[in-house]
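Please find one structure pasted underneath; my questions will follow.
Labels run A, B, C and D following the written order; every chain starts at residue 1.
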Amino acid sequence: MRDVAEVRRLRIETPSWAYANSGTRFKVFAQAGVPRDPWEKIADAAVVHRLTGAAPTVALHIPWDRVDDYAALAKHAADLGLGIGAINANVFQDDDYKLGSVTNPDPAVRRKAVAHLLECVDIMDATGSKDLKLWFADGTNYPGQDSIRARQDRLGEALHQVYDRLGPDQRMLLEYKLFEPAFYTTDVPDWGTSYAHCLELGEKAAVCIDTGHHAPGTNIEFIVAFLLRAGRLGAFDFNSRFYADDDLMVGAADPFQLFRILHEIVSADALADAGIAFMLDQCHNIEAKIPAIIRSVLNVQEAAAKALLVDADALAAAQSAGDVLAANAVLMDAYSTDVRPRLRELRAEQGLDPDPVAAYHASGHQQEIEAARVGGVQAGWGA
Amino acid sequence: MRDVAEVRRLRIETPSWAYANSGTRFKVFAQAGVPRDPWEKIADAAVVHRLTGAAPTVALHIPWDRVDDYAALAKHAADLGLGIGAINANVFQDDDYKLGSVTNPDPAVRRKAVAHLLECVDIMDATGSKDLKLWFADGTNYPGQDSIRARQDRLGEALHQVYDRLGPDQRMLLEYKLFEPAFYTTDVPDWGTSYAHCLELGEKAAVCIDTGHHAPGTNIEFIVAFLLRAGRLGAFDFNSRFYADDDLMVGAADPFQLFRILHEIVSADALADAGIAFMLDQCHNIEAKIPAIIRSVLNVQEAAAKALLVDADALAAAQSAGDVLAANAVLMDAYSTDVRPRLRELRAEQGLDPDPVAAYHASGHQQEIEAARVGGVQAGWGA
Amino acid sequence: MRDVAEVRRLRIETPSWAYANSGTRFKVFAQAGVPRDPWEKIADAAVVHRLTGAAPTVALHIPWDRVDDYAALAKHAADLGLGIGAINANVFQDDDYKLGSVTNPDPAVRRKAVAHLLECVDIMDATGSKDLKLWFADGTNYPGQDSIRARQDRLGEALHQVYDRLGPDQRMLLEYKLFEPAFYTTDVPDWGTSYAHCLELGEKAAVCIDTGHHAPGTNIEFIVAFLLRAGRLGAFDFNSRFYADDDLMVGAADPFQLFRILHEIVSADALADAGIAFMLDQCHNIEAKIPAIIRSVLNVQEAAAKALLVDADALAAAQSAGDVLAANAVLMDAYSTDVRPRLRELRAEQGLDPDPVAAYHASGHQQEIEAARVGGVQAGWGA
Amino acid sequence: MRDVAEVRRLRIETPSWAYANSGTRFKVFAQAGVPRDPWEKIADAAVVHRLTGAAPTVALHIPWDRVDDYAALAKHAADLGLGIGAINANVFQDDDYKLGSVTNPDPAVRRKAVAHLLECVDIMDATGSKDLKLWFADGTNYPGQDSIRARQDRLGEALHQVYDRLGPDQRMLLEYKLFEPAFYTTDVPDWGTSYAHCLELGEKAAVCIDTGHHAPGTNIEFIVAFLLRAGRLGAFDFNSRFYADDDLMVGAADPFQLFRILHEIVSADALADAGIAFMLDQCHNIEAKIPAIIRSVLNVQEAAAKALLVDADALAAAQSAGDVLAANAVLMDAYSTDVRPRLRELRAEQGLDPDPVAAYHASGHQQEIEAARVGGVQAGWGA
C-alpha cells in the first residue's frame, strides 16, 4: 500500500488574484489588508507557503499583475521562497472585447488579443514561468449573434500563432467553461473542445480542468481519468461550487468529489512529477482571504492523503471479481478515515506548525497587513 | 375563441435599471448614450412606451434611483406619459450587508435593512407606486456559516415589520431566487418559501416570479398555474436564460416556454386587471439597450397573442377525452402561428408604427442621447 | 456537547421493495435468493434489524405486498421483532392510470384511485401502521395534455377524501418528485406544492422528502430546516443520486450532503421522538440487496454520529460573530472525524456485532435464501 | 436566399422500436394494434413514409428485430418502399451485462458483446444497411466499482475489433449519453469521449448525437457545429426532453432548440447528401405511436423549413458588423414564420395529403391493425 507521506510531494499553486478583492456582479466587498499590487500579493502567497510547505509557486494574471520589471518580480518571489507559476492571460476586460477576443468578428480585435497572448509568453520568458494558461470569455449571448463555426476557425488560428511562439520547455494550458460571461455559446465550453484543439496544436498543449466549469451532473473524475489516459491533463484550477462557477474554497462543497478526483490522480501515479499543475482558482468574497487559501491547501492535502490510503490491491481484486459493494467499500474506507492527525505529524516532521490556520492567526501577519496596507488602491479583478 | 386584440390590454412594466449599464463580475461594458440619472432613465422608458403603447409604467430601484424629490420624479414621469411602477428595494450593496441584510446575524444590520425597506414604502407614498418589490440577496456561502432556521425567523420578523407599514392599496411582492450572490443557501430560494411567508403575512403579500431564478428543469408554468389557483401570483420579472440568471431578453432563450407561461395566464383570464404586474428585469450587457427593451416588449406581446389564439374549447375537449396528441396539437397550432402581421395591424389601429424597433432606429433618439449624454457618470448597478 | 451515543435512538425504516428485484427501463437484473412474497421480504428486513439494531420497522407497498390477512403479516413481522411502518400506496401500475390516478381527467379513474388509497388506510388499521405515504406518478408528458390547474383541483379533492378517513393517530405523508414517470408536468413536483396541500388538509398531513427527487442544485437541507421550523417535516425517503432519481444507497453519492441534512435534524433536536420517519427508498439494481441495505443503515448512522459531534456552542458563537471560516470549520471538524470506531463500540455495548456487513456475510443467510428461494416468482416492482 | 423546397431533400429515418410498446421503469402501458414482430413494425414504418414522403428508411434493433432471414426482411421493406437504415446493437439486456458489455471486467462477457456487434455487421451485409449504431449502457453505479481508465482501454479494444470488420461502405456511429442506466460513470458519457474514440478508429467512425443525452444546460447546436467543422457528425437520434432522457417527440419540448440545430445543419449545407443520418429515437409511452411518429417527422420538417428561411446574407452582414440585435432578429424572423402552409403546398405538389396526421386518421390503418393484431406478444423493448 502507498505511504500517506507521499502527500508531501504534492505542490499546490496559489493564484495572485485570490489574495485580492473579488465579488459578484452585485457587489465586491472590500477587505482590510488586501494587497495593492503584485508585490504584496506575492508576499501573501509566501506566507501561505511558509505555513503549509506545500504552495511553492504563485500564478500571475496579466494585466492584473502587470509590472515594469518582471525579472524583478520573479526575484522578489524567489527571495520569499516562491517560484512563478502559470501566466494567466486576460483578454476579457477591454471594451474591445465586448464581442470576443480571439474569436471576435473584427480581425483588429483578434490581432490585439493575440498580441496580448504573445506578451504573456514574453512574461513567461522573463519570469521563468513554464505554463501559459488560457481561458477565453469568448462566446455569444444570443442565437444568431455570430457563427459558431467561424469562431472555431478564428480560435484555432489564434491558438496556433501563440503555440508557435512557445519555447521548448513551455506549455499551453487550455481551460474550458460552460458559460459566464457568455450566456448562449461559449467558444471553449467543454473538455472535448479543449482536447480537440490541443490535439491539433501538438504535444505542448494540454487541458486545464477548472472544477467549477461544468454542467450540472458532469462527472469530473471521468474527465480526469480520460485525460490522464490520453496524456493531455495539464492542470487543475481547483475550487468548489454548489451551483454554477461559485469559486468557493476547494473541498468546501463536495469533499467526496475532491477525493474521487485525487483518487484518479493517485491511481495513475500522477500526484507529482507527472506534469500536472495543481492550482487554486477561487474567490474569497466574504471570508478572510489568506486563511481561506491555507484552508484550501489543507483540503487538497486531506483529499490526497485519503486517496493515498486506498488499498489498491484490494480495490483491484474486488473490481475484477465484480463485487460492487466490496469495491465501493474499499474506497469509502479510505475516505472515512480521519487523515488530519497523520498530516499534522507530517508537518511537524517538516518543521511546520501542525495547524497552519492557527499558526496564521498567531503569526500577526493579518494585523500587520491591515495596519500597513492603508491608502492606495486595493487590488481586485479590475486591476 | 378569444380575440387577439385583447393583447392590447396587456401592460408591461420596464425597469429603470435596464436602461443603465450592466454586466457580469468579469466586466461591465459601457454604452454610449446611457442615462446618468433617474430622470434620463425615465425619459428612455417613455420612448419605449411611446413606440409600443404597451409599457406605461417604469419600476424604480432604490438607492439606484434615489432623488431628493420623488413627487417631482413622478411628475416627470407623468409628463412623459408614464406611471411609477414597483419600488425595488436594494439591501445588498452596502458593506454592512456582506453577511446578509434582514437575515444578518447582527441585529444592527437588520435594523438598517428594515429601515431601508420602510423608506421604500415612503417612496411608494410619494410616487403613487402600489407595489414594493423585495428581492433579498441574503444567504450563506459555506455550510455552517449561519443557522438556516434562525435566518428564517429573522426574515419573517422583518417582513412583518414592513408589511404592517403598507397602506391599504399597497402590496408586497416577494421574489425568490435559487442562488447568486449567495452560493450555499439563499434565504428565499424558491416559490415555496416565498409563498409560505406570504401566507403568514396576509392578503397584501404575493409572490413575484423571476423567470431566470429557478433550478435547471423547473417547470415555471406549473408555478404560475399553482399561484394563480392560490390567488398569490403578484408579479413577473421577465427575462430569459440558457444557464443561470443570465438576464437575457425575455423570449430570447426559450420562446415556447414564454408562450406556455402566457397560456396559463390567458387560460386563467389574468392577462389584465387580475393584479399581476408584468415586469421586465433584464441586463442588456452587450446589445443596445432601448431596442432590446422594445424587442422584449414585443416578445411578450407575441407570446400573449399566441396564447390568445389557443382554441380553449378544442383544448378542453381533447383534454377531457384523454387525447394526448390532439390536446398538444391545439396548443402547438397556436404557437406555430405567425402573429406578427396581426400585431402590426393592431399597432396601426392604435396609431403606432407597426414596427417599433425600426421606428426607434428612425426616430433619431439614439443619436440624440449619444450626443447629449456626455460627461457625468453613467448609471449602472452601483448607482 | 451532545453524546454520540444518542445515535442509538435513531430508528431507520427499511422498505419491503428494496429486498426485491428492481432495475431501470432498460433491464431488471434478477438476483439469486430474492424474496417471492411479502413474508420473505419481511424476513430479510428482520435480518437487517437483527444485525444493526437500528431498523425496527418495515414499510409496505400496496399492491406489491398485498396479502389476504394483513393482521397475520403484522404478526409475522412482530414475531421477527419488526413493526409495520408506512403503508405506501401505488396508483401508477394499472392501465387505467396511463393519464394519471387522482388527477386523471376521467372521474371513474379518480374514484378507483381514491378507493385504493382508502384501502391502504384499511391496511393501516389492520397492521397497526401509523403512516400513509403517498407518492403520485401523476402528471403529463406534453404541453397542453391536460389543465395544470384542474389537476390541482382534483388532487386537492382526493387528498381531502383520504385525509378525512384517517384515524386520530394516523398521518398522511405527501411525497413530491420533480419528474419521472411524467416528463412535462408532475402534479406534486416540489416541496412547496406538498406543503401547500398539507396546510390545507390539517395537522395530520406532513411532507415526505425523498432525497433523490429534486432539481439539480436544490439545497435539500434548506427544505429540511424550513419544514422543521414549520412543523411539517413528516418523513424522509433516503437514497442518493448523482443525476436524477438514481435511487443509489444513501450516502453513496454525497456523504457530505447527508451529514448536512442530519446536522439540521440534530440541531433541531429531531433525531428521535419528533415525529419524523427516517425511511430508506432505494433500488439495489446491481449490488447485493441485503448487504446494501445494511450499509445504507450504517451510512445514516455515521452521518448522524458526525452531526452529533458538531460543537453547537462553538458553532453558534462563530455564527453570531460572523466568522465565516470558523463557523464552517466547526462543521467540518465534525464531518472529518472518523466515527466508525465509536459506532463499533456502541454496537458492541448493545450486544451487536461491531461490523454488521461482515456479520451478514458470516451469518450464512445469503446462502440459505439462495438455496431455499428457488422456484416461484421473484418479487419486483410489478408484484 | 435558399428555397424552402429544399426541405424535400431531408430524409428522416424512423426506428422500428418506436412502433412497439415502451415505458418507464414504473410501467409499460400497452397500446392496441402494436406490432408483434419486425415485419409488422416495418409495415407501420411504411405507412409513415407513404404519408409523409420523408421517411424512406427504418432502423433495426438487434436482438429486438432478430429474424431468421434478414434478406427477406430487407425485401419486405423494399416491397413497401423502404430501405433498411442503421443496425442498432443491443448489449444491455442479457444478465451477463449487469456490470457492462464491452467494458465488463470479465473478458468472457466482453468477447460475447463483441461477437454480438460483429453479428450486427453481418446483418448489415444481409440487409444492405450502411450504418452500425453503437450505444453502450456500460458504466458503473458506485465510486470505486471499476477502474474508469481500464474500462476505456477495454472500450477502445472492442471498438477496434468491430471497426476492422466494417466493409468499405459501412460506418460506425458512436452514440454518447450522460447517464442511465449507469448512475455513477458512463463509459461514453459525452461527445468528447465519442469523438476521441472516432479519431483513433479512423474515417469510418463518426459521432451520433442523441438530443436527449446531455447534461442540463448543454448547448447542443455548439456540438453540432463543432462536429460538422471536424467532419465527424455522423447521425442524430432526434427526440426531446424537459428533464433527462425523456424521449418525447422531437420538437415537443423545445422547438426553438430544434430550429437552432437545423440552422447549423443548413448553414453548413448538410441537410442532405452530407453523410448525416437524421433518425428519430423516441418512446411514445402514452400517446398513439404512429401519429406521434408522423408528427415528429413534420416537426423536423418545420424546423428545417424555418432554417432554410434564414437570410444568410443578412445574418452574415449583421454578424460581421457586430450588431447583436440585428443578427438575432434575422434568426428570429425565420423562426417566427409559419412554414406550415408552404409545407402543405410542397406535399400537395408531391402528391401527398397536405396533412399527414389527418390522412392517417382517415386512412383506417389504426382500426385495421387494432383488429388484426390480436393475440401473440406485442413487441417492446424486451423483445
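Methods note: a contact is a pair of C-beta atoms (placed from the backbone, for glycine too) under 8 Å apart; a residue touches a chain by one contact, two chains touch by 3 or more.
Owing to the predicted nature of the structure, the values given are computational and were not obtained by experimental measurement.
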Chain A to chain D, fewest steps along touching chains: 1
Same or different contact residues where chain C meets its copy chain B, judged by the half mark: same
Centre distance in Å when chain C and chain D are each reduced to the mean of their C-alpha atoms: 37
Computed distance of Cα centres, chain D from chain B, in Å: 40
Residue list for chain A, restricted to those that touch at least two other chains: 99, 141-143, 178-179, 184, 216-217, 219, 242-243, 252, 256, 286-287, 324-325, 328-329
For the chain A and chain C complex, residues of the former touching the latter: 216-217, 219, 242-243, 252, 254-256, 286-288, 291-292, 295, 302, 324-325, 328-329, 335-338, 340, 357
Complex interface listing, chain B residues touching chain C: 99, 105-106, 141-150, 152-153, 178-179, 184-186, 189-193, 195-196, 199, 214-219, 221-222, 225-226, 228-230, 256, 260, 264, 267-268, 315-316, 318-322, 324-325, 327-332
Chain A-facing residues of chain B, complex: 22-27, 29-30, 92-93, 95, 97-99, 137, 141-143, 178-181, 183-184, 216, 241-244, 246, 248-249, 252-253, 285-287, 381
